[in-house]
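Lettered A, B, C and D in written order, each chain numbered from 1.
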Amino acid sequence: MAVLRGKAWVFGDNIDTDLIYHGKYLPITDPEEMAKHAMEYVPGMENFAKEVKPGDFVVAGRNFGSGSSREHAVLCLKYLKVAGVIAESISRIYYRNAVNNGFMILECPDVTKKVKTGDELEVEPETGRIKNLTTGEEFYAHPVSGLEKEIMEKGGLIEYIKAQMGR
Amino acid sequence: MGMTFAEKVLAKKAGLSSVKPGDIVTVEPDRAMSHDNAAPISKIFKSIGVEKVWNPEKIVIILDHAVPAPTDKHAKNHKDIRKFVAEQGIKYFYDVNSDGGVCHQLFCEEGFALPGHVIVGSDSHTCTYGAFGAFSTGIGRSEMAAVWATGQIWFRVPESMKIGIEGSFPRGVYAKDLILKIIGDIGADGADYKSVEFTGSAVKEMSISERMTLCNMVIEMGGKNGVVEPDEKTLAYLEKIAKGDFEVIKADPDARYERVLKYELSELEPVVAKPHTVDNVSPVKEVEGLKIDQAFLGTCTNGRIDDLRVAAEILKGKRIAKGVRFIVIPASWRVYKEAMKEGVLETLIEAGAVIGPPGCGPCMGNHLGILAPGEVCISTANRNFKGRMGNPESEIYLASPATVAASALRGVITDPREVL
Amino acid sequence: MKVKGRVWKYGDDINTDVIFPGKYTYTVLDPEEMAKHALEDLDPSFAKEVKPGDIIVAGKNFGCGSSREQAATCLKAAGVGAVVAKSFARIYYRNAINQGLPIVQCPEVYDAVEKGDEIEIDFDKGEIRTSKGDVFSFSPLPEFVRGILEDGGLIPHIKKKLGKA
Amino acid sequence: MGKTIIEKIISEKLGRDVKAGERVWVPLDLVVIRDFAGPNAVLQFDEVTGGNGKVFDPDKIAITFDYQAPAKVEKVANNQRICRKFAERQGIKHLFDVNTGVGQHTILEAGLVTPGSAIIGTDSHMNLLGAVESFSTGVGTTDIVAGFILGKLWFRVPNSIKIMFNGKLEYPVTPKDLTLFYVKEMGGDGANYLSVEFSGEVIDSLNLAGRLTLASMVTETSGKIGLMVPNDDVKAFLKEKTGQDFDGIEPDPDAKYLEIREYDVSDLEPLISCPHTPENVKKVREVKRVKIDEVFIGSCTNGRYEDFKAAYDYLMKVGKEFHPKVRVIFTPSTREVALRLLEEGIAKAFVEAGGIVTNPGCSLCTIGHHGVLAKDDVLLSTSNRNFQGKLGKGSYVYLCSPLTAIASAITGEITDPRDLL
């Protein structure tokens, strides 16, 4: 069972898609370019894209990813090699886009009360088990299930479809 | 010996009895016009250390280059200007609302372009005001900041060139074709540093709008200014709107010209300027059938009501060709309102046009119709330089509104005489 | 005043849009940033490879088109030592002087040099010397124009005149 | 066991009974791409299919250009070109170019949207088509690519909630105020993953434009779709655009809802959503003396003819000129709307009052064009999002009805439309 470890970056409630990836960068088609603008509009997080390390987690409050259907908002984090998003609630289009890209997302009540920026986390996506290695506290998120889980296990929707079609 | 128009105006303004080409004179301009570049100018102005502009009533600022703001940077630029205008008490400021328009169009409509005036503007097409008998010319940002600070500017008295125009336009041929033809003949530097006087019976017949098209493009042959002698039409146009006093100044009959050219309108045909220089002119016939992606009608050169009317006449009850974008941007809100009143906008929208809010639009690559690589645009604007409309790998053809509308209709460059 | 540098050679009618594209006129405000876009649509290698003191040699009507001063500013900021052309468009001529960018009108030089040649301009003598040994003379700028150039451009010049320097 | 509207729509599509929570692959009636994310989908599709793939059915694909129409930067000009070439290559005839307007409204006017249809598009406000009982939803580019290939897409059949609005909206309270009331009540994630069924006396009497406004902002509560059973106004519109008669899909009386809420909105007052989240809704009168720099009337939420007509009628009633320091921008949603505003002299009145009427499209709302904000600028907008920095870093956006927008445009500060009557 995969266990991920990384540092947490904690964000507030209602981190919308313009904050994650601003509308003025929508013309960009190359995901490596998108990555450079991740979280640029979150006040105080202007340097996130430069400072985040592969394997780090984005931790957020409720309604993460509300707003636009832009998949850029998932791709920019994925291409920064962020391990995934753990939020108190995740807005539905963002949720879909994450599933379709095999990008880890977990919904976890009160996570922003249990984790601070800089804390080391140990995360088991399959069960939803999260351990805050800095504080020692262990708690559970809702793991992804059903078809969404199958899609994520294949690495995303396109891979899933290819597998279904026997390609 | 007699003096040319430029010599007479500059001598008078400099308080001299006469001047000759090559003399340097220092004068106080009657007006100084700026647009969105008023913000960077204001910064340069502040760096000089002068607190107040020389005369807040002589400065005119008109927002037009990117209106309403298409990016946060343009928005900030506008906001900086509003602040400067308020600080300095600048009397004539045209903001982003339905009193506005392209600076040159609005400057004329608002009665700032007056006979005998010396006008400088921080835009190269400031030469347009010669249509009213003004000596007007474009200057750079630092120079404008210096004018704001000192109220003075130096000029080298230019040599003059006279272009005599006779006859009347054949069907499908317009002032735009004439000025393109002239530029094609004498080249992009054919009037470098010179004052260009348009004379002859045909010019007297021309409307104010047509005269503006001529003078507007003098810069494309390198001219310092272009001028048409004021007549009854000019005075009638200015009667109710002139902002300030003026005196008609005309060239002396025995003035000396470095070069004299003559044109007979009946010999002209519709022309285009091909990529990527304005003097690369040939008859429309030679490029007919070339596929276009976009047609653009507007700008300080050809965005007036008569220009829109011609397009509406060609497109009434028809649809533009599939695969062509037709972008129409009236030169001012006055033009827009008139076009709305006459049903011209409806006709054009029904034909498939996009009507943008008055301003410069895509002319210099700011917004509202930037081209993709490999695309071809036919435009009523004044410049077809490589990259002008935002993309160096696109191609721009310049033509009259009739040629542009005819080409939008067929989807290929088309001689307007075939559809008129 | 003397300027010595490598030649970048371009043709006739080099317009302000290819020297500094209009789309950047309100979005690129810092001269150093402007320098990165200098001649972008004409020669993308220029901004990357230009060295301080390099000299642009061009044909007739250099700088035709817009009144945008950035077309002079960007070259100055890129370190261009001078522009030598067969002729200049008039607004560009003023803008260059106002920005303190030395310009020389000298039609004969054009055919005598190639890209990469080193040439030297002596503004006091009104002479251009090529690496092949050719010497061309040009008429020096009017005195008050030289005054502007020597002060580093119009704004410093005015400040000096107004006693604000 | 009875079915909700969404269960009925999906059951009908699948030819079998489905219930909330099931994962299903739903056949699609239309896959819509825009100049926003559309090119990304095209490039991804070409990559996945090796550059020579064919879409499942070119007649079930639509391309709309509204994000930045006409283009203001080269990249978008090229992105639009990528989409045009794709249409040519694939034989896609439903291409709506830069002269047509906001995508969802354009396909609606083109008769491509019908009750019971399933539509996906690269626009989170795709679900406003729930106003005609279409199951339309915004998706990312990967979903689009899957849709292009398969003609179907996976969904979790959403749970439903039912919201009943009874009473009557008192002038000058508008459907937008009702919408903001809904957003306030639900919160930004209150309808996450859910299908929201609207009904009640107010909904019965709401015309299509009002229903589109309400359905559009279901997105701002993270809802999957907001559905309303068509009334006569909607049916007449559909008949005109498609030539067909539709009955509408009624939920079963014993359908299962997670929650049923009932409101009497007769006392509703004009509302405003304050920076920087749509859920931050207050009464307009509670927001005192906020000076504004710009007003925007348009967007997929309030860009229909009826919205402008209401704005016009109010303007004629209370005074005819806008405050000189306020930039007032009107953007019709579509070409059809723009033409009607011209024909009826409404555009003329706006322009004469000092306003700017632009070409149709998303315009300011996607920071495409027309009025992007500077730092510290305050905008009053009839659109649907006031996210921090969305329309310019350091700016402030308030959301309101077209009437509140007009009242404020006249006074230069945020003003309850009742205060000028």
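In this section, a residue touches a chain if its C-beta (ideal position, glycine included) is under 8 Å from a C-beta of that chain, and two chains touch if they have at least 3 such contacts.
These numbers come from a predicted model, not from an experiment.
Novice: Moving only between chains that touch, what is the shortest number of steps from chain C to chain D?
Specialist: 2
Novice: Would you mind pulling out the distance in Å between where the CA atoms of chain A average out and where those of chain B do?
Specialist: 53
Novice: From the C-alpha centre of chain A to that of chain D, how far is it in Å?
Specialist: So the centroids are 27 Å from each other.
Novice: Scan chain A for residues touching two or more other chains and write them down.
Specialist: Those would be 24.
Novice: On chain C, where are the residues touching two or more other chains?
Specialist: Within chain C, residues 23 contact more than one other chain.
Novice: Identify all positions of chain B at which a residue touches two or more other chains, and write them in rising order.
Specialist: 71-72, 74, 366, 370, 390
Novice: By the touch definition up top, name every chain pair that qualifies.
Specialist: Once each pair is checked, the touching ones are A-D, B-C, B-D.
Novice: List the residues on chain B that touch chain D in their complex, please.
Specialist: Listed in rising order, the residues of chain B that touch chain D are 68-72, 74-76, 78-79, 95-99, 294, 323, 325-327, 333, 336-337, 340-341, 345-346, 349-350, 352-357, 362, 366-375, 390-391.
Novice: For the complex, give me every residue of chain A touching chain D.
Specialist: That would be residues 13-14, 16-19, 22-24, 26-29, 41, 43, 62-63, 66-72, 74, 89-93, 95-97, 100-101, 146-148, 151, 156-158, 161-162 of chain A.
Novice: Under the definition above, what is the set of chain D residues touching chain B in their complex?
Specialist: 69-74, 76-78, 80-81, 84, 97-99, 294, 322, 324, 327-329, 335, 338-339, 342-343, 347-348, 351-359, 364, 367-377, 392-393, 395
Novice: Within the complex, which stretch of chain B touches chain C?
Specialist: Chain B reaches chain C through residues 24, 36-37, 40, 44, 47-50, 65-66, 71, 73-74, 77, 121-124, 126, 138-143, 145-146, 149-150, 154, 187-189, 192-193, 219-220, 222, 224, 277, 279, 364-366, 370, 383, 385-388, 390, 392.
Novice: Sort out for me which residues of chain D touch chain A in the complex.
Specialist: Residue positions touching the partner: 23, 36-37, 39-40, 43-44, 48, 67-68, 73, 75-76, 79, 121-124, 126, 137-143, 145-146, 149-150, 154, 156, 188-189, 192-193, 219-220, 222-224, 277, 279, 366-367, 385, 387-390, 393.
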